[in-house]
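Have a look at these structures, which come just after this line.
In the two complexes below, subunit A is the common chain; its partner is subunit B in one and subunit C in the other.
Moving on to the complex of A and B:
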């Protein structure tokens, strides 16, 4: 079982807003269309995106996302940080591209579930 | 899509007032406004802008000066790069005779570094109207990119594309009733002009009257072919 804090540590993510880092991660969803995330992400997944608008926090809260990860070193807008602090939604930043980060995360989640074929 | 062809198609369709908008550029607006004036059609200079989140926003202005000022802001914040004329197509700058004056080499398909809220504030600061483009589309719309319309972004109207009928829009966008809805052809070729239009019941076909309609002071009705 992986926690948000395990992921942050192993992938060297910069935690910009700290929510509940002990939350157990169920998987990951990758998308930059918030309408798509609303439709397809699942509870306690990590969400990898390039979007930095405050609406990412609202969508993450509605969907019960474990933590947000912004790629390519993108920084959240100031209003996004404020909203995330209010909602206690973790936001982390990775210098990696979305593809690289998703690859690393896929392996990590797969290894954390030895009995299963891979991330669901 | 050249000024004369736009105006002649608009005349054929019986349109009184149109807006012309290239993506992230206004270089062909002046010439089209003048071509319309000669034929008795009001042409409002506009641009379809791309925010940092890749939300398309239609910015409609009341003067050549204001649309030019907006273009300057956009050119300063547009991502750098050169247009691929084979992949994307030629980005022409033309005159009243539909003759080519220049090729715009900028990456007009790209995004600006202005976040949606900032972009809309800039439009308003220049006296423009900000319309959320094709909110029913799966790409480049405020709803596709951001999930829902943020409370702190004050659009003057929402545009529903020619692909969606009013009854469907009424069901899908029932939560956005506090703001006027318009529909338009979003024509990218002359044959598409007028495939969808909005009836504005105005005293005269002017920018100010359209602005009043967006404030609820003039009636707005949908129509389709």
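Moving on to the complex of A and C:
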């Protein structure tokens, strides 16, 4: 079982807003379309995106996302940070591209639960 | 947690207010949880409400989101002063959107709003008048209430 904190540590992610880092990660969803995330992401998944505006926090909160990860070293907008702090939603930044980060996370999640690997 | 009776209320929605996008839906979600609505229905209702809220923020000048929860059903009614929907059939098609480019760059306007509402609700009703506005009524059966909470 992986926690948000395990993921942050193993992938060298910079935690910009700290929510509940002990939350257990159920998987990961990758999308920059917010309606797609609303329709297809699942509770306690990590969400990898390039979007940096405050609406990502609103979507993450309503979907019960474990943490947001922004790729390519993108920084969240100041308003996003304020909203995430209010909502206690973790936001982390990775220097990796979305493709690289998703690959790394896929392996990590697969190793942590070998029997349930694959798309969920 | 009320086991009987009903609860209703409403939220104001402002067109173009992306900063507070999702606030009404989040509040509604909390109210549903407090009322004792089953988790699975809360999840579906939150998605449908958020999409309806975004439709107002993206396309309309202003609107309201009204909710009525009874022992049998949840009804979310979103009424807006907006441009109306010219072609409902087209608007229901996944991928079709009239949202401007800057809204699409934010990751909205993918043409998934109404399809998402349709998929996640038990049924919905759409009334629209061009140049005046749109009323969307979204229904959820609550018979299985408390079943998994």
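One rule holds for everything that comes next: the second predicted complex is superposed on the first by the 116 of 120 C-alpha atoms of A that agree within 3 Å, B and C clash if a C-alpha of one lies under 4 Å from a C-alpha of the other, contacts with A are read in each partner's own complex, and residues count from 1 in each chain.
The rule we apply is simple: a contact is a pair of C-beta atoms (placed from the backbone, for glycine too) under 8 Å apart; a residue touches a chain by one contact, two chains touch by 3 or more.
What you are looking at is a predicted structure, and each value in this text was computed from that prediction instead of being measured.
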Subunit C versus subunit B on the shared subunit A, clash or fit after superposition: clash
Which superposed partner A:33 touches (first subunit B, second subunit C, both, neither): both
Subunit B versus subunit C as contact partner of A:77, first or second or both or neither: first
First (subunit B), second (subunit C), both or neither touched by A:55: both
Partner, of subunit C and subunit B, that touches more residues belonging to subunit A: C
Overlapping contact positions on subunit A, where the subunit C interface meets the subunit B interface: 32-36, 38, 51, 53-55, 58-59
Footprint of subunit A on subunit C - complex, ascending: 18-19, 21-23, 25-26, 29, 43, 46-47, 50-51, 54, 106-108, 110, 112-113, 116, 119-120
Of subunit A, residues touching subunit B in the complex: 32-38, 51-55, 58-59, 77
Contact footprint of subunit A on subunit B as seen in their complex: 52-53, 115-116, 138-139, 143-148, 150
Touching residues (chain side subunit A, partner subunit C) in the complex: 32-36, 38-39, 43, 49, 51, 53-56, 58-59, 61-63, 79
